């Protein structure tokens, strides 16, 4: 097979050049490029002039100088002698913590409200509807202001803290959750669990190989279920057989004016987490509802015709398909969460945008820090869209 | 497109005979069967009671004067009192145009218009009880519902169509802006700088001008992104992807803090204008993606058929592809308008006095109302809610009309 | 110019036209000469390049090698030439490709208004004439979506004719139609052929080919395998591929 010829398209049978399609296309783009580049040029010249006049340093090396400010409640250890770049990453870590936890809480709350809206119960679906219609129709930031002002003023003093037994306490000094700490016997117990899992796996293989014909004490062994019972039994014996339990629950206790122990969430973190969760959950609820309703009626009828029960239809036919429909819009909401996390500036939780603001105020390096910030958000966006594309491709391979 | 003759589907709220249930039967079906439904109902009722127990005493004891005494700040910010007549007069066309749109588009705009009329009437009535609202303001709220109805009557006539409404809207918007801004110091309408503008006025103006700018910009960007000219395509992709990844809040700070570094030293850019640009940049990227979806839904055959007839490239795009693409994406476009409206609240965070910013200023700036934040924010949220709910109903109406396939 | 020379006027001439889709060589040297008033039917298996070939004639596809001359105009990178050629060739597509947002009469009148710069009144009158030609003037103010497939394809023919082209090309015009609608479209095409229009038709409707075609061409793998009059091709095909293909479609 011969290859496609490449010849000079510009010199073609003596056509006047201004009527040549290729020439026209090139010229239009060149003019546009010159236009854009000249704007960039003018802006760059202005920037250089301003930098000179005001003594701005535009070097990115400055990011490695001492921060001189603190990042409160940083997830990674930080003090003001570390570099600005390090402060930025401390902010990134805090953002990731906020977004990660919010993804979880938002999904749970959104599913609950979405299912409530789908309920045939008038009171329950009405409550779901009021929730969704109220929150979706006001701006996130208005809601955040309303909630944060109310929360920060409404939280009780430590002496009157709200206690939820086993879970934690809520007060104006912070939210303390019961934490789970490892004890000295954890390692041994984990070894036991791993061995148990191995045994359970082998038992499962054995049952599968013999097509479920193995009997023990006259009871036929199930695939899946029996090995699971075995694993739970082994883990349970391993737990009680040791002198000390592998985990200890650390309950927060009031010592003096504040609580000690447990895991502390600052009120700032709690406030922004609550605001984001409650608001985005109203969108998630609509995704849940829409996805369930988008499952074709024919699917449900076909499954009912096969004699499946209502519950079987729901778990085997409706929910898997609805989940598939919901994944991409859900990723979109996680992107919204990431961007919404910048609203932490209302409460001052030190996520990356707040750190960036502080850094700009303290050092004046607005340009460099904003470049970093945009790169960070673009990486986050690219990450989510990669996950979305990966899922799309997977569904296309598996699907239909 | 004359709409008034359109046969609308019968409302579905009339139950078919066999479904007409007694109250007891209805309750049985929707509340108590099967057994777990009773439990759910109980849980729901307890929740409602708990909410009411908190809400009712709050609403009764609420410091509503925090809102009523500050109503002027919430509505127009610090616009000079002696020039307030300009706001009243300048904004008067708006209810008329809402009515016009109601008359032309019919059922789609009904809920939106009715919501606004009811709100205005309620406000006017509430001004009768209490003396905190100036008489001019009360007069404005009394007149505007009638303007909506007048617009409706005009819009029903045949000589006015969607295109005319859009043109009238755009011209009046420009006129309003000039009116509010004023001309010289010595003229009858002295210049009022935008940092005196505020409240709901600014929110609504930014939203409207934003809508007028974002739609064309989004169309141009979408066309560029779909173009097979690599420079246009590349530039559009870069613009759209960078702006979509950046939170509006970050973009807003970027505009206010960093963009002056790129401008000649002598200029001091208008802060409200910079904030407006941030909102437009952000929303146009999303708008472009919405419209691109519509462009992709137009089949290749449409372009080929137009080309085969000898049409020029610009005709193919403007006459054949774009109208079909926009028609297919109207719900998404209206959805983006709603997002834009809600986005305007963000500018409160950089100290600008939009509706939310005015509320913020009242709570932080006036000692008397330091603890009145629930009242003020509730009021603000309610105002946003009214507008957004109205716009959402427009979007729902468009979708319904597209589903029923009326054209 | 004598009547004889008009009869022999060449409308389409291609010389060794080649085209690639990526590395796929879809046209491997097509040379044809079509005279004024001739009706040429092109057939062949799918993927043989027959549609691609007629689409290169009005530049819906760019050719990469060889030369195409339509009514004396060389088809090259000259925009003006491309526009000239396109307005001289009417094209009818398999999927009709009517503009769904415009009424039937607007579909037909649009190009005369935009390209030929006719006034609205003239364009509408022309459009009505064309709709009468394809026998559906009563549907003028409906939208395409409200018509049957056969009616839509007839509107598409009227739309192409409204530009008063010198050549009409049909790309499998009946393939997307229900069987009972094929006849109404073919009738219009037969009338058109008998009126002396130069036509290039990609189709497997062999009854149509036998009735009106002056010449048949069999495409396979980007080449013209065989060409000739209907009698010769149907009754005495020379090439094995032609025999095999005709035995399947006839």
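For clarity, chains are labelled A, B and C in written order, and residue numbers in each chain start from 1.
Rule of thumb we're sticking to: a contact is a pair of C-beta atoms (placed from the backbone, for glycine too) under 8 Å apart; a residue touches a chain by one contact, two chains touch by 3 or more.
What you see is a predicted model, and the numbers here were worked out from it, not measured in a lab.
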| item | value |
| --- | --- |
| More contacts between chains, A-C or B-C | B-C |
| Per-chain CA centroid nearest to the all-protein CA mean | B |
| Inter-chain centre distance, chain A versus chain B - centres from mean C-alpha coordinates, in Å | 29 |
| Whole-Å gap between the CA centroids of chain B and chain C | 51 |
| Gap in Å, rounded to a whole number, between the CA centres of chain C and chain A | 56 |
| Sites on chain B touched by chain A in the complex | 30-31, 37, 40-41, 43-45, 47-48, 229-232, 235, 241-242, 244-250, 253-254, 257-258, 261-265, 342-346, 348-349, 356, 359-360, 363, 371, 373-374, 377-378, 380-381, 384-385, 388-389, 392 |
| Chain A - residues contacting chain C, complex | 1-5, 9, 12-13, 15-16, 19-24 |
| Touching residues on chain C, where the partner in the complex is chain B | 58-60, 83, 86-87, 89-91, 93, 95, 97-101, 110-111, 114-115, 143, 156, 159-160, 163 |
| Residue numbers on chain A that touch chain B, as the complex places them | 25, 28-30, 32-33, 36, 43-44, 46-47, 49-51, 53, 56, 119-124, 126-127, 133-134, 136-143, 145-146, 149-150, 153, 338-340, 342-343, 345-346, 353, 356-357, 360, 366-367, 370, 373-374, 377-378, 380-382 |
| Of all residues in chain B, those that touch chain C in their complex | 299, 301-302, 304-312, 315, 319-320, 323-324, 327, 407 |
